[in-house]
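Consider the two complexes below, in which chain A is the common component and chain B and chain C are the respective partners.
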Partner chain A sequence: MSDKKRAGELRAVKKENLRHYRELKKKNKRKISESEYLTQMRDDNNLIEIDDLHTFFYTDVGTVHAVDGVSFDIPRGKTVGVVGESGCGKSVTSLSLMRILQEPQGQITGGQIRFNRQKTGQPLDLTKAPVKLMEAIRGGEISMIFQEPMTALNPVFTIGRQLDEVTKLHNKSITKKKDIMRRSIEMLELVGIANAMGVYKMYPHELSGGMRQRTIIAMALACDPQLIIADEPTTALDVTIQAQILDLLRNLKDKLNASIMFITHDLGVVAEMADYVVVMYAGRIVEQGTAKDIFLNPAHPYTIGLMKSRPNMLEEGERLYSIPGNVPNPINLPNYCYFRNRCEKRKDVCAGEYPCLLSLSPTHKVACHLYNGREE
Partner chain B sequence: MRQFIIRRLLISIIVLLGVSMMLYALVRSMPSDYVTLATATNPKVTPEMKEELRKIYGLDKSIPEGYVNWLGSAVKGEFGVSLKFNRPVTQIISEYAPITFTVAFIALVLELLIAIPLGILAARKQYTKTDYIITTLVFIGISMPTFFFAALLKKWFGPAGLNWFPAYGLLQARVIYNGFSFAKLLDYAQHLVLPISMWVVTGVGSMLRYTRTNMLEVLNADYIRTARAKGVSEHNVVYSHGFRNTLITLVTLLGSSLPGLFSGAAITEGLFALEGLGNIALTASHQADVPYLMGFNMLLAVLTIIGYLISDILYAAVDPRVRLS
Partner chain C sequence: MKNMQSNETLALEVRDLKKYFPIKKGVTQHTVGHVRAVDGVSFSIPHGKTFGLVGESGCGKTTIGRTILRLIDPTEGSAIIDGVDVFKLKKKQLRKIRPKFQMIFQDPFSSLDPRMSVGAIIGEAVREHNIVPRSEHNAYILKVMKQCGLRSFQVDRYPHEFSGGQRQRICIARALALNPQLIIADEPVSALDVSIQAQVINLMKDLQEELGISYLFISHDLSVVEYISDYVGVMYLGSLVEMGSKKALFKEPLHPYTRALLSAVPVPNPEVKMNRIILEGDVPSPANPPSGCKFHTRCRQCMEVCKNFEPKENWVSEDHYVKCHLYDANIAETADAALDTKSE
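The block that comes next holds the complex of A and B.
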């Protein structure tokens, strides 16, 4: 009987999903007028303002609220670190920003991503912008560095062809083939590849992981982007190369006066790179603030747990701390704090509604019942 | 590269030797032989006469002995005289191969022209109506028994139905053509429409599904996401970044279809009464015609080896990760 009931539920889910797919298709077909996506920034110093973003995945077993009401700003020329365990919605937030979610399953269902576009001087809402406009922005004004250097490059094209492509698409002032090639080689040299001319003609499989990651970075920087999204750019690399890549990113950021959205689960890297930190858990922000706020006064038990589980804090012979339990199943999340079941400071009040973000200081916010009534 | 080809060709010789050995043993191990079959309806033939005939045809020797004899003349390029057709095997093959090849080649080209674009379309529109319609039609095509579908085609479009196309043969029997003419070509074409359509409908499915599955896999790859993140338009993401990778597997499929171009489809040719290699091979195996079967199957073995060699060379041409050595 329960099997039958379950089958019925799954059918209902499928039907519901199809409805969402159809709606998306209709939405994509519609012509979008300028007035729909042009918007105003809250603060002109911000490059990106993510406002109450909701991104859902309609899967066969139910709807996953991958990003559920996330809001944060990326100021011009600053680095924002987004931290959290795997599956907490960091990458989906960045993919939403680029609008390269796996459609039609993944969809932005609510909220705004306001982008302060320098090229035209008109801020626009990326969640509503038409596809053609997004293609112009992607890779040119907002670019992304992926976490898998081994698979993120197309195996059948040379490095040169893949680099040239970006310049051809976004930098219309360079038209001659020779100049495009010169630009690509310049970029390869910029990211510290010694034999740029040789690498230009090579295929991805002929390069090491570190070299590939450098070419991916070169690709992301080729058109002087305003925002660089770095999705765990150093995870797949060994430590010495990691440090080099981080230095490289920092230097290039200053050179281009770009902002970086730095996604990672490595707190050490965040401490080194970020001006602001956003801590995510199960699709929501649990704590955000300046790097100083987060590292000196971590407030949320989850953030504190993350800090404690860093290996470099260990005394000799001490066991490495790990937060007990796992990230909850993202389908049908309960309406109480998602971290409650793993939390060491759990109180009775935690069984109540999901806590809203409280301000501990003008820059520091936390979503936890422990700080109720302690607002300043 | 040259070294690779030379080595592969040398290995091929050993392979062909093994293949011919097994083939000969199998063909000779048929439950009956040509003499028994050919004389079955004639009560006047005595066992002594049969023995005499076997001696003439060389069927009295044991399998190893017979094989050595066959091999001895085969290396000299002599494949003997067909028992059933009473003509040199090479002559039969060279006479009927062009028809078989033409039909199969046109069908293959059509299959590719249909399978690749539709396969890509189905992959791009996965789980939509378009995808479901394409996959269902393909499924019907794959599952349809050829003899049944041929009967349907003949009933609908042949003389019994709309009378658009003739149902049998290659040329009209009542017309005599002198040399080559446009009318003759048209007559050929008219006769070939039904067999080729049957070939395409029943054969296009596997290639289409191959394209669809591969394209789906490729479109989910990380480098496709990178391409999108670079701002490449959706059309170029699919047809430039995606298809170039799908091509790698399709090329392998193409090389292995080479022997199929000559083997013909015994059933298709039989159903439409086309005098092709497949049809003749069917008759020959009914009659245990050892020389023809050996010659024909060895041709297929050689073509298979060449097909795979071409596959490998093309594979290296489209995939930079592959080095032939």
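The block that comes next holds the complex of A and C.
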């Protein structure tokens, strides 16, 4: 392609992007009536139902389909693990859920995220909810634990001040300063910090990585959220500290009866934490099911490859299996199965259109042509 | 490993390595104390073998790698490569011996110069050290690239055009181009995705078989270390607490810290219920390490003797030692003897 032609194309992309940005601006200004965002849940036991979610990023070099038609449920009191390599859209899914995408480049362009709100008893669609309402839900009813505890904490404020802020904003029933402080210290004690009073007065740099992550968890739990999104909460930590934090999260979940959406690339951590597992690849779900389905009977060649490429401590192998090739470029995705070029079991059908999710059992679904004939 | 093979069969021998970082304070920047990052570590790597160094962050494993390379100067001790003590060399002599030991860094995104092409990155040191005659220079670079799984047309490309796994291949090629006998790999795969990790680990293993390189493999990921290493050393707060052949150490971990580390590794099988040993608290500060055995503050099997006396190496077999009083048959005697010397 000549440079001139390429430059023209890039200009066209920029123009198109501007149009999308303006549309979003208009949409954000508009007043949204209640009837637009109130919906009905498909199943009342579900806390979150993500339905055909599309999140695109309009960048200067083209549109990135970061999340492209993802659907899964998070039942009440359960843990759903989302696994995949970097760039597969697992974090963007959680950001869409919280509506904290980098706007105006990142936009939710389609689909629904239904949230079974306990506070009012009325389910609502998070993709359409007005910004004011989202502010109340964020941190209060849905809270998030980030990967890097140092960047998630503000270095110039004490831990106590940052903890108090959450309670002040979301728990209007507590008004007295003393009560807010008592609540914060209670939270610090809940996450297993022995010297809660001391930590309350400390700055983030005075704490170790594990302690910082504990205070972040305390912050996330301060308002008894219904859903905790944990985005790679233990990736920056050592194995021994990781074991502590995972143990803590498991215990707290039962104590508070909350659901957890657990995002990670570590299959071992997912196996330990999750009841249900969603495997993502290049913005789409390739396989989903219960933890047992995925780990004992992996079906998709990508899931199988991921499992095999991990050096296993229980078995001794000669050579590590490695998936050939790389993740495809997210801007120009092919119209056939995204994994085809790296897949060892590809057949002629795989050059056809992208496979849809097939049910192998009531809980186990896979998007692969290999299982097309076996559908019941 | 105890009465090690003669020196010729060793690629690297480290004896009693110490590195203290001074803590400076005040306007005059006077030294008020020392961080004992590495406190008396000895180990050796035979030719063509891999020594894995594991431990939590802040235990000094990276410092060991950097001191051996003389990227930072050691406080005490010796590192012998090819019969020469690297720590005693002058600048010029050091430069001459540098091709023999090379390093692969953790982050392939910051360890490559963004303004140099791949060929220049790999070729720079080759030219400096006159590894091959100038006329064969280009052909040699292509040969090394091919060895590391890079294609010949990529020689003119720049680092930003590559993915993480491929960048790490460039780093390996850069180290390999000098025909080293030892490569110090500091967490070479921890910044990579699982499926790419496997590719890089396989490449490192293949190169070792082909060229007989030795690796000092520094990592916090136990399953990777188990896969690639022949010998493993476990570090805690600047000293080795247990060392042995991979088989001995992973089949029969003895030190309570090693056991806790191994049990903390998550297993990708929801039906396996591990008997997890969860360590309480954090690693103590290396500026002010606990007395006696450094691990006693977090140890479940801590005894009175652990608080006061530092354990010695207990050789449980030919190639496996542990520094723990639990395996010291004559604790009472050692304690008494130590007490006697103290009272004197």
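Worth a mention:
Here is the rule we go by: the second predicted complex is superposed on the first by the 370 of 376 C-alpha atoms of A that agree within 3 Å, B and C clash if a C-alpha of one lies under 4 Å from a C-alpha of the other, contacts with A are read in each partner's own complex, and residues count from 1 in each chain.
Following the convention adopted for this analysis, a contact is a pair of C-beta atoms (placed from the backbone, for glycine too) under 8 Å apart; a residue touches a chain by one contact, two chains touch by 3 or more.
What you are looking at is a predicted structure, and each value in this text was computed from that prediction instead of being measured.
When both complexes are overlaid on chain A, chain B and chain C end up sitting side by side without clashing.
When both complexes are overlaid on chain A, the residue A:L10 reaches neither chain B nor chain C. When the shared chain is aligned, chain B comes close enough to touch A:L153, but chain C does not. When both complexes are overlaid on chain A, the residue A:K292 reaches chain C alone and has no touch with chain B. Once chain A of one complex is fitted onto chain A of the other, the partner contacts of A:V166 are limited to chain B, with no touch recorded for chain C. Applying the stated contact rule after C-alpha superposition, one finds that A:D266 touches chain C and leaves chain B untouched. In the superposed model, A:M197 lies in contact with neither chain B nor chain C. Annotation for chain A, partner touching more residues between chain B and chain C: C. Using the contact criterion defined above for the overlaid structures, shared-chain residue A:V349 touches neither chain B nor chain C, since it reaches no partner.
Closest C-alpha contact of chain B with chain C, superposed model: 5 Å. Taken together, the chain C residues at the contact with chain A in this complex read 56-57, 163, 165, 193-199, 201-202, 205, 220, 222-224, 226-227, 250, 260-272, 276, 278-279, 282-283.
Against chain B, in their complex, chain A makes its touches with residues 21, 98, 100, 102, 131, 135-140, 143-144, 146, 148, 151-158, 165-166, 169-170, 203, 205, 216, 219. Those residues of chain A lying in contact with chain C across their complex are 85-86, 208-211, 238-244, 246-247, 265-272, 291-292, 295-296, 305-307, 309-314, 319-323, 326. Across the interface of their complex, chain A is touched by residues 127-128, 220-223, 225-234, 241, 244-245, 248, 318-321 of chain B.
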